[in-house]
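Structures for review follow.
Two complexes come next, and they have one chain in common, chain A, joined by chain B in the first and chain C in the second.
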Partner chain A sequence: MNKKLVIFSVFAALCFINLMVSCSEDENIEVGEADQNAAGAVDNIDEDAVLGEAFTRGEMLTNWADNIIIPAFEALSGDMDSLSLAANTFTEIPNQENLISLKQSWLNAYLAWQTVAMFDIGMAEEITLRNYMNVYPLDAEEMTTTLLVGGYDLTSVNRQDEQGFPALDYLLHGLANSEPEIITFYTDEFDGPKYKIFLTDLVERMRSLTYMVLIDWKERYREEFIERDGSGATESVNSMVNAYIYYFEKFLRSGKVGIPAGIFSNSPLSDRVEARYREDVSKELLIKSLNSAQDFFNGVHFSQEDSGMSLQGWIDYLEKTRDTHHLDSLINNQFALIHAQVVNLNDDLGVQVTTDNIGMLETYDLMQEIVIFMKVDMLQLFDIKVDYVDADGD
Partner chain B sequence: MLSVNSYFSKTTSSAPLAIFRIAFGLLMFLSMIRFWALGWIDKLYIQPHLFFSYYGFEWIKPLGDLTYVLFFICGLSALFVALGLKYTWAIITFFLTFTYIELMDKTTYLNHYYLVSVLSFLLIFLPAGNYFAWDILRGSRKLFPQIPKWNIDAIKLLLCLVYLFAGLAKLNSEWLLQAMPLKIWLPTKEDLPLIGFLFRYDWMIYLFAWGGALYDLIIPFLLLNRSTRGVGFMMVVFFHLLTAILFPIGMFPYLMIFSALIFFNFQFHQKIIEGLRQVLNIKNRKIHLIQDTNFRHSLIIRVKIIILALFFLIQIGLPLRYVLYPGNLFWTEEGYRWSWRVMLMEKAGSAQFKIVDNASGSWFYVNNEDFLTSFQEKQMATQPDFILQYAQFLNVHFSQQGMKDLGIFVDCFVALNGRKSARYIDPEFDLTKGYDSFAHKSWILPFNE
Partner chain C sequence: MDSIISKFAIVLPTKAKMSLLKKLFLYGLAASIIFLLSCEKESINITGEVIEDETDTENEIDSVTLIEADTVIFGFSVPEKYLFVRDADGDGVNDTTVSFDGQSTRLKMAVELIGVLKDTTASVARLTSMFAHEEGVEDFLDVELNTSSKQIRNKIGANTGSAVDTDAVRTDVTTWMTSQVNDVFPNWSTEASSGVAGKIQEAGGGANRYVNAYGLELDQAVSKALIGAFVADQVLNGYLTPTKLDEGTNRAEQSSGSVLEGKAYTNMEHYWDEGYGYVYGLAEDGMDPVTTPGSADKFLLKYIEKVDDDTDFTGIASRIFDAFKLGRVALVVGDYITRDEAAKDIMEEISKVIAIRAAHYLKAGQEGKAEATPDMASVFHDLSEGYGFLYSLQFTYNPETGAPYFTRAEVLSMLDRVYPTSDDQKGFWEVTPEVLEAVATEITTAFGFTYENA
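== the complex of A and B ==
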């Protein structure tokens, strides 16, 4: 009987510890943090016995937030301010000079957007920033109706393909074939004011959404992002890496290259390229987003002046103790191959897919190889579950 | 023959089986509630567009909103099993509904769900409702304080098989020499309080790997032997609670812990029953006890024994069937399921399907997101039978859209246990020409070490 009692007390004690451990793992961030410090102390003592130089998720998260993400949003926000100014100047005096300057501001902001599009996390994820900034193809017909009828609600999910950069692209380049003709839309006695108001509304919405995300990063989310430095599926590193790969796969590989090249549709779709009305910048936008993706992978600061811990460094750290494949070099070499391929494409990817789609398809295939390196090899190395699904395993 | 006969005539107390029934029923009831409360019925069985069937069970599909009813009946029958209310019907209903649920989509296949199905099948043939059960209180069922000893041994045998096969499966170079896949999984648990720091040490990972294999192999003997039973049970509790902390494995650890109680002697179970009687305030009514049981000689019992003998033959055969397949088991997964191979590999894959119009030569890729949930896509990309079934679905889908004479090819890459990803399926093989069977799938590319 006594023996049984002992067994049961042990059983009960272990159950209790179990409960405690799994609870603190889930919720108690403060305990996690205290433990992190304790782990850091262990690190100093046993540096030789432990896996070499320490890698901490916290360090990586801090680098991402302070040196990459927040500066990128700051830059976009600044470009949004300029865009807003240019839009106001143009709507006050709709002439060619002001149109040209507005177009330039639009392009600057669009390029800046490519540096933040992958950060679909925190407030950006909450308000689905991407869906209001850059959904293409634009529904130009519906947008025109919306604009002329007035009383629109740009926050509606149904209006996502009638706003953002693609809508501005149309309003600045697509209304007619020449700049003077485009300007007449804004000077028209009846509809001109409607175009002006809509243009201003679009820009203001983009500006305020960007600002909202930036402020949230600075005042609230940065702290949470860095504090959630665990290895769990809902912690920052897992969420960010998943968001990054998802962006690369869906928006960079498929959106900018695959879909226009017709890989999902049997034949090329030249009207699906980014900035289709401007015509000559889709390659530039693609290159910008590729570079941003590679910079994030390597932890290169937004300023380009320095770099810190990121996925490349993490791979390097983990491969020290395992069979090494130099996965980080494989990925960087692949980025270089893509780059070499993309440089030769036409400035207008819409022209590229109609004249020589093979070049686009080859670009897609090179990007697909990176997807495999990242989604299969890298995630396995990191032990991060892709698109984490909350279900039991065995 | 005589000794066989005398073995099957041996009797023992009903108490252990009654406790097992109660624990099993309650745990299953809880796990059904948990599954429902976590919203998994909707996510796993309502939302997906298509479901991956087991070969031969293509007719079993989720029932739309009625799937909730299925889970309700399953949970309710588990509760009935625990209470011992209409036991025979309850356990049959539980076995059928639970197994139906598991057969709906193999995306969710887990060894421990299979264990539940197998255990509940076994329980159908055991008189677990004849002691400390509601039916007895109502007087609607005869009380048997004594039951054949083999009834309890059958459960012990099944549990021993589970442990032994799980242990044998770990005796491979990946697990023992490379400590894979624990070397991938454990270091990410570095931030766990109290024990996290352990996983920074390489030798600790090896200790876990060797310890885990040793545990699985010796625990049946520790539990069977009276003098080591206490130690064995403490190890069971420790091991399964540890896995509960480290891995997302749901109710499984608790099922294994409570199941192990069956190894204790009947006095132990009798004490639990007395305790429960007091707590629940159930009067120990004087019921006419049936001492002389006629079950020993009945034809039904003989039939039961034959069925269970076949059942155990299958239980031993299934985990060994992999030897009939060529190639690396972890790579092809032919003969992998139903074999108590738990936590043995980390596999990740990516599969891009190409639909070719054979007449014109034009082609396009499939956006898997259009048809599969992310969970299904993940499972599909590393398992050949999923890839084939998905291709067959795509074939039907695009044929219905008016495409004639199409070919389906896949660009599939898989990484296994930390190796660099490699091409998995022959990219030249037209999957519309493939068919599922128990035979080896020759279009799986060979595994290169």
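== the complex of A and C ==
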């Protein structure tokens, strides 16, 4: 009770000060409105008034859309164009030089994908972009049948584990042990054309889906995203925060680390790592993904040159009036611990789980702590309800 | 005095149990206790704690002592575990009076049967033989099941009160199993589409689901229908009914403590335990199944746990278990009113579990269908489970009306709506989210919870 009284007094005082400041700045705040706040809102403090500086969801949403999400999709789209060019060059002239170039374009685009994978919202959510871009493990056997039989429908849900980056990974690195041998799949008299067409179809589909999402953001969804700045369950902030935590929990923590480390099975599964056929980039992809997640948390622009309103800023803002302790620092420190752990892992996480799975398990544990910080502490602070549940299990 | 307090304390941590105890006081005791009742009323407060009043009088203590010595009613307390004993053979050592091996056996048979419904090498003959197992026939991998005389089929829909309905239920289950073999197995690697049976994969490289031409997973239909037709029917409409429990000279044998020959239990005790066994027969710890359910059960217990995990319904698992214990305790001392009240609580709660899951899966299907890019395999899986739970509603029992919450005719009509196949309609491929929500809401309304909570 005492505490409430103190808060109320401070609040009332600050309201008054705020009012004076407002008046001096010639802003149009009516006395009646301030009184209304003071009368009815002891346990629903208007934090803007208390702190004198505003946090608005709209500012955060604008920062996310304009400085992070749209630029990230722009970059991915650009990399998709390069990938498409490289694929066409390779299918026209399937030689080693063009294969190497195509592999590099694939890796660039795969890294760029890590910067957008968490934005499963808007058109990306509607078309389930992630399910067509990066489902692994690949069903290589089924994919090969599909490719050879032809007449496939890549939009089918049945084909989601036969396309995207993992399928390209297989087609560029996994068909055989050496580059010359891999090239023979594309130069083969009978099946070569089928491999070429399938490769081109996959790349074209990834390119067009990415473009579709990008254009939607720019021409339609950006406006809706920023306008939906309320605190309800279906408003942008709640949806985005849920998408973000879901991504961290399910795809970053479990997909990239937990599943290969055998957290959900009886033993480690080295063939479940990302980019398993390329073998040496799964750590790099993980790091890119972690950096992107941390940057989003801190509102760092995609350009890396500046930052804006973010989850971190919101936490910082709310903690000024509540009894929590530097949750934003806890989360950032935890990211730092994960980084320190991950850099010591093998470039191929598949090798890591086979030779020293403890390192992977420790990584998982560190990531799990962030999940708790975010899903429990942060969401409580934000008053956001988790909108997803774990699957049934049968 | 102290010992009385502690006995009450065991019984009374929740409100629900509170009311049961009140009933026990109200109905279960002889006239000589009425005095005690009036005192006890004051000592029970609504938060569920027993507060023994300092001003309780000496003569109350006297009457308690008298009753303990006389009828032993106050000698019982509801145990933490489902553990009951008597020295049946007079050797000075207590023997357990609880036995439900037959139920565990039948449940194990059903678990194997469900598994074989996804084995494409299985024939109709093999499934039929497993379903209507005969002693000695090698139907099961678990050889102990083969030597058993128990079977699943003769317990399916056995208590509908109508031979026509019972036969219809057995035909339904047989038809689904047969169709799985004849229509789905041959299309195991065909890609399913509207009107075409086959496999369909869940989004994101998820599980393959194997459906008939209308999107129904027949193995799920069987497995979830058994929760009602097999488990709930046996418990709610069979073993826990007064008709069953009081059969023949059961009451007389109960009061004289006449056990069955060579057994430690009376007929009535055993009936109650057989009901218990259908629910808890595959629990890892059958005596303490709420704490240690394990994961072997695929039928009712599994879904009691799932419903209990939902914060909207937390506590239901304990309520069912506690009512089983209370009814069992009351039965032993011949307090049949308390026994039947406990049975009604079990009937109501178990019926509700079935309803909650039926509505839950229809809602999941509705939400999945309403997505911009529906994940049809997941939708079909949800709806197939929902189909079986919905089917199971005809085996529920509403203690207030003495009838199922939905009759067989009502259930079949609801199934026709969520799974429309007349006029060339394609079942789950075509059902609309609106229809799914409407049917689910009818269920939630009948049971007094909301679509949102489902």
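Here is the rule we go by: the second predicted complex is superposed on the first by the 335 of 394 C-alpha atoms of A that agree within 3 Å, B and C clash if a C-alpha of one lies under 4 Å from a C-alpha of the other, contacts with A are read in each partner's own complex, and residues count from 1 in each chain.
Heads up, the rule we're going with is that contacts are C-beta pairs under 8 Å (C-beta built on N, C-alpha and C of every residue); 3 or more make two chains touch, one makes a residue touch a chain.
Here the structure is a predicted model, which means the values were calculated and not measured.
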{"item": "First (chain B), second (chain C), both or neither touched by A:Gln96", "value": "neither"}
{"item": "Touched partner set for A:Asn131, first chain B, second chain C, both or neither", "value": "second"}
{"item": "First (chain B), second (chain C), both or neither touched by A:Asn344", "value": "neither"}
{"item": "Partner chain(s) touched by A:Ser303 [first = chain B, second = chain C, both, neither]", "value": "neither"}
{"item": "Chain B versus chain C, judged by how many residues of chain A each one touches", "value": "B"}
{"item": "First, second, both or neither for A:Asn333, with chain B first and chain C second", "value": "neither"}
{"item": "Contacts of A:Asp383 with chain B and chain C, given as first, second, both or neither", "value": "first"}
{"item": "Contacts of A:Thr234 with chain B and chain C, given as first, second, both or neither", "value": "neither"}
{"item": "Chain B/chain C common contact set on chain A", "value": "392"}
{"item": "Residues of chain C that touch chain A when the two form their complex", "value": "191, 199-205, 306, 372-373, 375-377"}
{"item": "Interfacial residue positions of chain A with respect to chain B in the complex", "value": "3-4, 6-7, 10-11, 14-15, 17-18, 21-22, 24-25, 31-32, 35-36, 38-39, 42, 49-51, 57, 229-231, 254, 258, 262-267, 318, 321-323, 325, 327, 368, 371-373, 375-377, 379-383, 385-387, 389-394"}
{"item": "Touching residues on chain A, where the partner in the complex is chain C", "value": "125-128, 130-131, 135-137, 139, 156-158, 160-161, 392"}
{"item": "Residues of chain B that touch chain A when the two form their complex", "value": "38, 40, 43-44, 108, 110-112, 183-185, 187-197, 200-202, 230, 233-234, 237-238, 241, 244-245, 247-252, 268, 342-343, 346, 348-350, 352, 357, 362-367, 373-375, 377-378, 411, 413-415, 418-421"}
